[in-house]
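Mind looking over this structure? Questions follow.
We just call them A, B, C, D, E and F in the order they show up, numbering each chain from 1.
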Amino acid sequence: MWIKVVNPNTTASMTDTIGACARAVVGPGVALEVVSPAVGPSAIESHHDDAMSVPGVLSEVAAGERAGVDAFVIACFGDPGLLAAREVATGPIVGIAEAAMRTAAYLGRGFSVVTTLARTVGHTEDLALLYGLERQCRGIHATGIGVLELETDPTAYETVREHARAALAADRSDVVVLGCAGMADLGARLSVDLGVPVVDGVAAGVAQAEALVRQGLRTSGREELAPPRNLLSV
Amino acid sequence: MWIKVVNPNTTASMTDTIGACARAVVGPGVALEVVSPAVGPSAIESHHDDAMSVPGVLSEVAAGERAGVDAFVIACFGDPGLLAAREVATGPIVGIAEAAMRTAAYLGRGFSVVTTLARTVGHTEDLALLYGLERQCRGIHATGIGVLELETDPTAYETVREHARAALAADRSDVVVLGCAGMADLGARLSVDLGVPVVDGVAAGVAQAEALVRQGLRTSGREELAPPRNLLSV
Amino acid sequence: MWIKVVNPNTTASMTDTIGACARAVVGPGVALEVVSPAVGPSAIESHHDDAMSVPGVLSEVAAGERAGVDAFVIACFGDPGLLAAREVATGPIVGIAEAAMRTAAYLGRGFSVVTTLARTVGHTEDLALLYGLERQCRGIHATGIGVLELETDPTAYETVREHARAALAADRSDVVVLGCAGMADLGARLSVDLGVPVVDGVAAGVAQAEALVRQGLRTSGREELAPPRNLLSV
Amino acid sequence: MWIKVVNPNTTASMTDTIGACARAVVGPGVALEVVSPAVGPSAIESHHDDAMSVPGVLSEVAAGERAGVDAFVIACFGDPGLLAAREVATGPIVGIAEAAMRTAAYLGRGFSVVTTLARTVGHTEDLALLYGLERQCRGIHATGIGVLELETDPTAYETVREHARAALAADRSDVVVLGCAGMADLGARLSVDLGVPVVDGVAAGVAQAEALVRQGLRTSGREELAPPRNLLSV
Amino acid sequence: MWIKVVNPNTTASMTDTIGACARAVVGPGVALEVVSPAVGPSAIESHHDDAMSVPGVLSEVAAGERAGVDAFVIACFGDPGLLAAREVATGPIVGIAEAAMRTAAYLGRGFSVVTTLARTVGHTEDLALLYGLERQCRGIHATGIGVLELETDPTAYETVREHARAALAADRSDVVVLGCAGMADLGARLSVDLGVPVVDGVAAGVAQAEALVRQGLRTSGREELAPPRNLLSV
Amino acid sequence: MWIKVVNPNTTASMTDTIGACARAVVGPGVALEVVSPAVGPSAIESHHDDAMSVPGVLSEVAAGERAGVDAFVIACFGDPGLLAAREVATGPIVGIAEAAMRTAAYLGRGFSVVTTLARTVGHTEDLALLYGLERQCRGIHATGIGVLELETDPTAYETVREHARAALAADRSDVVVLGCAGMADLGARLSVDLGVPVVDGVAAGVAQAEALVRQGLRTSGREELAPPRNLLSV
């Protein structure tokens, strides 16, 4: 089984973190490929970044499809290009936001998302609504830490932890969802410190992609997500 | 007042139709600019097309912003790049799907959308949900006519009309919304034939953009839609 | 084009304020008529007031219809008699609450309504729900200032501004909607002071009415909003 | 215990039917008063009729309040003036639409409303939404029989029965709600013929009013439904 | 008329309290039977308790059905076994949570539930959603008092009252709903102290059961709630 | 890794089918235990059956917890006892209805459930609502085949297939969900015949349980799902 994880931004160090977290969760016998597009935004912190990352994501999915990849994970919490990617590939496509939020729904009454900048909160609200998880998603909390600053800010972990702690109390939630792929390596430590499950979308996405392939399931080709008639080369 | 209408696809004849319909509705003293991006899909009939049209749309909005445009209309019923465009420009941005659906809400109990291909129906469902119009949107009906075939199929008008007639009965709706900018020139005739209001998004979008400018209103710059920190040049 | 604005209460000074704000937004060549019913409550601050204002509103709409008015605006934030008025007139009817809330939806993620007395909040909640804007309407905040005291209370502006400022923070909203026609003259100043768009329903309603007429759109006469069989004279 | 039932239309024969149905359900020791306003529409078949009936309803409620009535029932399926009446009286006010729909919710998975003219369907949709019963209300079906024709059309019963039978099948519902006070005398026979519970709002409303008084419950006077400051005499 | 009230827990003193409150509200000529199952949890404070109480509840309903009971009330705020009981009995079944919440909906804009342990809040949220009352239910507030401690904790009344007072302010609600049958005797005093209606589910449930029988209404036997094919003896 | 699958009914042949389907999907190194309670209904076809199966399910979960099981799957499409089981065990609990419906959400726009008896449809509606999947769940279609007749009716496969085919068309859905654990062995063949993904809850549940354990995730012990204070022995 071959799973390709696409980090929609072009920051190699973040692709590395994503890869490490993906590898930690994948089952025996699964080949993981973790890539980033050649061009695109270095971090995704706005609707504009999100939109501009999509051509690169689709290009990587198209290349993977030609190469025989079994399933794809789009490893940015905005799930950029998710539906378009489903049109392009035969195997299942999993976005880390949908995977994280649906995974959290198995674990408790409701979850709090802890994320980067306040300006991204609205997009996560839209996703929760579209995925049917607006009730389970009890709050989305920005730490004010930019995506790439997660790697460089020495107090990033403590800031995330304190926002998560406050979120659990304010939202009366019982699960934390990490709202950025750049937080993927914080989950285990955070869960110990907070005493609740902490869901990282990268792990959730890869585990979900593997679970779908194991069940022999693919994206439906009926109507909406069938291959488009005129596929503009990307 | 200067309003720029961006047709997200690259088909010039469709840009011409859009321009004619926009000009018919705009008030005295309003300068209209109607353009299409240099590159992008020739028609938008899939999530993939939608995604690939966005860089071109954003480029046109950025150019308009530099030139002093007062408001923008994105003239494709998928509202591609709507939120990203709001980050880029100072003046208001109106998508024709949101404008058409909200306009229809002033006119009756509920509306039926008549559109092109069945594969686009799901995207319109997502928009209706995000805009809060899922109850008012009583049905979305595909005619099976592709976007560019609207110009060439000699029976296009009759097909649209009969689907609209059937939709009104099946949905118990009282307003028709045209689900494609390529149908912009069918509205008046259709309204006469069906005896109900028919809302064309191009007209609705331009009228709405003008109304917003007349009120001195702009996109909020508070948090989510403020200019992004790192604007990848498009 | 002839637009008739009906102030549902009988306070002439408030009708004057409404008229001034309406005139400031209307396009060239539009005739504005701004009236108040002969009888009815002097201010609308309860469900009872709302109900008792409706016969007067309908009487003014019926008179306007006979005289050839093209569109009507009901200039009270409770939108009293909106659906009944749609049955009576041929041209479009716009309520200022629906116009303000839908207009705000073009400008940001979500809006806060700032209004008069706490007892009116529930009615606005009902309207937001019926119009499909309950998610976009992030909070409704009473200032405690009665409708007519808006004209006489020397601290009214400051009170409204401070409630709006607190509402933006508490609701994490990015647009303010003025929840009373008597606040129509506060919008521009408030927008400067708060740094966000402030939507006044009177301006939004008149602009919307003009936009609808410009598009040649009228209330649907199919079934629900067709003229009633037995029109009790009002 | 004194319960006053207000028929919002002015048709005496319908007030008589309502009275008979109310008396059949009320418990021992309850005094029933069944009235109709002095002026108002003879039947309520439009938003306009609904609005114009409200002053009369409020006048009857105010008179009852002065006389010491314990609870009121508004016996028209549009629940005209319900919230305004709650401001005026001390004791509870029950609308027959809310009572019928909530009563039906105790009896099965979902109900179908069978009503008079198609133009009234939208108003019932609004009520179901406002009351939180839009899921339980699986369909609203117009028979095409006008309110007053229920008394004169010799085939009225059969028409209602066949619409109800078709509604149960089409809606996959298991309860019927009668959507007009003028159908109050059809319930028992219909239930036998259809083999499902049939809820009549007049009976449901009176039983509910009695149940509320028995529990010592009154409308909350906190904020929204407190007596209005300036009560325009009606 | 014979109404059987089933206390799903096995604590006799609580059954006594429930009985006293039920008797205070029932009309003349109604025979009340108040029982508790032979086996089951002594208090219902978890999903596990709720589930384990259901066989006992169903056994009591089945016995009542054989004996000719006209209607049943399940007197625990979790409404355990409600739908299953409807399959078993011919007459109506009323849960005290549904009865309390629907009763509160006649009295004001929205209600606050005051309940026992925080761990029960989620279950009440589920019920409010399933019953369509999630908007009217503005908050669910745990006092931290266990079900059986309501009888023994000398400060229980004051604790409930202060939580209710805070809930009214925080939720902007105007009605209080008591979230445990063990609070049934606190309602009247609480209503005086807080100045708002306080709904006790036991009283609401019994009054509702009587109202349904008075209307001749029974659970629909169409499809879902018809007697099951193979009734495992309980 | 040790996963215990509990078939809530007591029919051994169905437990065998469930076991075979579970084994087909599980990854290398996972130990599967598939059991049925000692006592309980032989098939779950009503709310009564569902309720009566829960004590047996909880007993099996408690035994597994004592023995060190890592995760549990409740293999009945009604998800009986799901929340109670989460209180009892440390590791994650997955219901096959939630797993099937959430899995389907990765594969297309919307799914149709094909199930056994019409009387079970309402319960699935409740689950879809509680899980936030009421929009994605486009229809629930009963075949009229009882749970145990799935094994004995020689036309069962064809009946399920034809109902699924009709459901896809009627619901405009693109995925099929099998609404009974007794259909677990039909999925692959059905997918080939219908040309769309077919999700079997048993496979989805087991794959999901494994994915959760692989991520190191457990049910949150914060508040609602913490171990109950007084665990009635089962």
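Remarks
We adopt the following convention: a residue touches a chain if its C-beta (ideal position, glycine included) is under 8 Å from a C-beta of that chain, and two chains touch if they have at least 3 such contacts.
All figures in this text were calculated on a predicted structure; none of them were measured in a lab.
Taking the options A-F, E-F or C-D in turn, the interface that duplicates B-C in more than half of its contact pairs by residue number is A-F. Looking at which of A-F and A-B shares more C-beta pairs in contact, the answer is the pair A-F. Taking each chain's centre as the average of its CA atoms, chain D and chain E sit 26 Å apart. Centre-to-centre, using mean CA coordinates, chain C is 51 Å away from chain F.
As a whole-number value, the distance joining the C-alpha centres of chain D and chain F reads 43 Å.
Contact with two or more other chains is made by residues 109, 121-122, 129, 135, 172, 223-225 of chain F. Note for the complex: chain C touches chain D at residues 40-43, 45-52, 54-55, 58, 81, 83-84, 86-88, 118-123, 126, 129-130, 146, 223-226, 228-232, 234.
Note for the complex: chain F touches chain A at residues 25-29, 92-94, 98, 102-103, 105-109, 131-136, 168, 172, 174-175, 188, 191, 195-197, 199-200, 203-204, 207-208, 210-212, 214-225.
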